[in-house]
Amino acid sequence: MKRWSYPVVVLNFKAYREAVGSGAERLAYVAETVSKELGVTVAVAVQPTDVHRLSSRFELPILGQHVDPHEEGSWTGHVTAVALREAGAEGSLLNHSERRIGLSEIAIAVELLRKEGLRSIVCADTPLTSKAAGALRPDLVAVEPPELIGTGISVSKARPEVVTEAVRMVSSVDPGVPVLCGAGISTPEDVYRAIELGTVGVLISSAFVKSKDPQHTLTGFCQAALKSHESRSSRL
Amino acid sequence: MKRWSYPVVVLNFKAYREAVGSGAERLAYVAETVSKELGVTVAVAVQPTDVHRLSSRFELPILGQHVDPHEEGSWTGHVTAVALREAGAEGSLLNHSERRIGLSEIAIAVELLRKEGLRSIVCADTPLTSKAAGALRPDLVAVEPPELIGTGISVSKARPEVVTEAVRMVSSVDPGVPVLCGAGISTPEDVYRAIELGTVGVLISSAFVKSKDPQHTLTGFCQAALKSHESRSSRL
Amino acid sequence: MKRWSYPVVVLNFKAYREAVGSGAERLAYVAETVSKELGVTVAVAVQPTDVHRLSSRFELPILGQHVDPHEEGSWTGHVTAVALREAGAEGSLLNHSERRIGLSEIAIAVELLRKEGLRSIVCADTPLTSKAAGALRPDLVAVEPPELIGTGISVSKARPEVVTEAVRMVSSVDPGVPVLCGAGISTPEDVYRAIELGTVGVLISSAFVKSKDPQHTLTGFCQAALKSHESRSSRL
Amino acid sequence: MKRWSYPVVVLNFKAYREAVGSGAERLAYVAETVSKELGVTVAVAVQPTDVHRLSSRFELPILGQHVDPHEEGSWTGHVTAVALREAGAEGSLLNHSERRIGLSEIAIAVELLRKEGLRSIVCADTPLTSKAAGALRPDLVAVEPPELIGTGISVSKARPEVVTEAVRMVSSVDPGVPVLCGAGISTPEDVYRAIELGTVGVLISSAFVKSKDPQHTLTGFCQAALKSHESRSSRL
């Protein structure tokens, strides 16, 4: 697992029709282009069916969107960390609000990803569950109030205290676990605010996938991320 | 969706370490070789991460192991019929005993697979649930008593009445839905019996995946399937 | 299990605050009063915590809202048919759209209820899943398009073909399984139509629970049910 | 919510046939008798159908075995904190290994129980998940390695480090959250060890429910609990 330089922009392709199969290739190409041009870490979280297809064509980090808590064996229809690694993934989201799993399942999946050398990003919906997620030693925690997902109203603008509180609480339980911020992020300003509030990056979905000009949109997000990250670093 | 000629041998790779990634390629190669040599339809049901990898290299039918009942959109971590089709799958298993889904979910997933031109194989554990599955108009029903899965004790030998009853009950609700037989099938004789009891083929997993000589094993299964199918056809 | 005389009005108390604990007692009292006065079978489906409380005070049939597919044993947090029977229930709803369970789970739960002498009412969302539910030999099938639940727009008025088709399809798979109709039923006319379309009764929730005058409301429903049932009977 | 005096013995009745309905009454009577005689807090976690039945007859604390994360409303088949409180429960187990729920669901259910004045006991399977559970501010955490549940091999004897580590980790995240210890506890010595390792009590199931002489068995457990608690207190 390569270290990620911060800031990080994680693009969640979900199961959007535009972002599956050939659409996933098209959007991953855009993501890679912008990432290289601006020197910002951009990762894409894609359907399991697209992991190998993208990892064999692109250099940017490919993430799964979910992992089941099983190592290998008689688990028809489950997605394993072994399978993701074999397909060339660099890690996976876990416990997204659209695919919640149990507390023990998260703990086991984080461990199985680690065993395969893969990065784990555990999603949580509140500062309190972010803290609990942080206790499970994932590589990152992503806080996303589900009521804002897909709304275009960003958590960093509408409820900044959720972000700062999540950062504080995760840090209290494990200072080594960085926090990403998601839910409703749709403008460069949202990205700027999210990082200003103490996160190392953002989780973005429809604002990129549904954009009429994804390259332009992502460029704006990455520039804002860079600017906010630098501004914060200079203050520290 | 191409018509399948009968008999059919469906190989379920599950999440076995030997059958994921490069292992899946190796076993799919064996399956394709035997299929072509003997003229028996052999399909492989693989991890979603392997669908595109195999469909782009092989001609044999690639199946998913599970589909979620969502068309497209905000469904992080779900596997859609659209994604399977984009990855080159020809269909999918549904409701395997290791990945049960709800009654409505099966109905919706069958419909979504059909819409994408993909074949649906709904698994069921008893004659009664096979009948209910058959009522949902899938392309095939696979009956597998879960207590025999992975035991090496085949349902066709240990509980032949489960198979004949499943065939009868599915036929009573929809005569157009053929039945596959799974669970514990480990010898050519098991395959022969399964088809003799009225099914159009078998669902096999560990007996193939864990075999020391998968090509030899599969050849035996396919020869038995052919022989039983021909014997039954000549009697009809 | 006593035979139910038709028509039947099943009142689903859900987890409404007004219909839990002492509220459940109050509403069950209303239901029993109206039932006795008009001679219509009225059953109440209540939270498991209220089954014994009501069954020890009232004579009307008390139903559970959900049963888990386990006979007895190490099943912390599950609701068993044995427990419902011990608490005095006469049966249970199963697979309500707000508490979907798997195909095999429904089959097992129906069987376990039968073993305890309890009535099973399997909910389904479409004619097709109603047919599948009917194949599992429950005592009744209740068809409820979930998109209408709680809307006040009744399925019998807005989508009568769903009801007639469900009745037809359940009957095709097992003519002995009667059908109830739910979702959005809020006026006596809705009740009348539902029974006119071939069902033996209705499943009603918020229209009763949230009514300012539950006794008056239920009286209207029961009178309409009776009238429609008699009208249909006279035509047969 | 009355304060619990320590040590605490929580008896989980699960869905054992002997511990449902009239059996639950019989066992609760034993529990209350022993509790009063020895002055040890004994609580019983019962099927939801038995909560009201027992709370209206006994004074000992009655607990649910599971709560769904919903306040009230259209939640057919779910068990709410409101319903438990109305039925006279004093609290509930949550996330038992036989009824796992999601991370967010635990957080919400703990909050809803608190709102109703009810005690929450969140179960966890490892020290790490105990820590995460502790981060969610429940009233207690119960650590139970699922592989030992029902085995008769107690965690306090077979894997004492799991208990001490769980106590340490829960305390690190919230020193105010006491820990219970479960899984395989079947002798007074197991109880003694569990409390000696830093817990405030034990979670016991089959050893009590299946005992030929439950009163004698529970007396032994309670005496050991008292003795160990006093010995530890005198050392502190």
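As written, the chain order gives the labels A, B, C and D, with residue 1 at the start of each chain.
Heads up, the rule we're going with is that a residue touches a chain if its C-beta (ideal position, glycine included) is under 8 Å from a C-beta of that chain, and two chains touch if they have at least 3 such contacts.
Nothing here was measured: the structure is a model prediction, and the numbers come from that model.
Q: Could you see whether A-D or A-B has the larger number of C-beta contact pairs?
A: Pair with the higher count of C-beta contacts: A-B.
Q: Specify the angle of rotation obtained when superposing subunit C on subunit D by their C-alpha atoms, rounded to a multiple of 5 degrees.
A: A turn of 180 degrees brings the C-alpha atoms of subunit C onto subunit D.
Q: Test of understanding: which option in A-B, A-D or B-C shares over half of the contact pairs of C-D, residue numbers taken as the match?
A: Matching pair: A-B.
Q: Based only on mean CA positions, could you tell me how far subunit A sits from subunit B in angstrom?
A: Here the centre of subunit B sits 35 Å away from the centre of subunit A.
Q: Which subunit C residues reach two or more other chains?
A: Where subunit C meets two or more other chains at a single residue, that happens at 97.
Q: So what shape is it, when you link every pair of chains that touch: line, ring, star, complete or other?
A: Graph shape here is a ring: one loop, exactly two partners per chain.
Q: Mind listing the subunit C positions that touch subunit D in their complex?
A: Where subunit C meets subunit D, its residues are 12, 14-17, 20-22, 45, 47-53, 65-66, 70, 72-80, 82-87, 89, 93, 96-99, 149-150, 205-206.
Q: What residues on subunit A touch subunit D, complex-wise?
A: That would be residues 95, 97, 100-107, 124-126, 128-129, 131-137, 169, 173 of subunit A.
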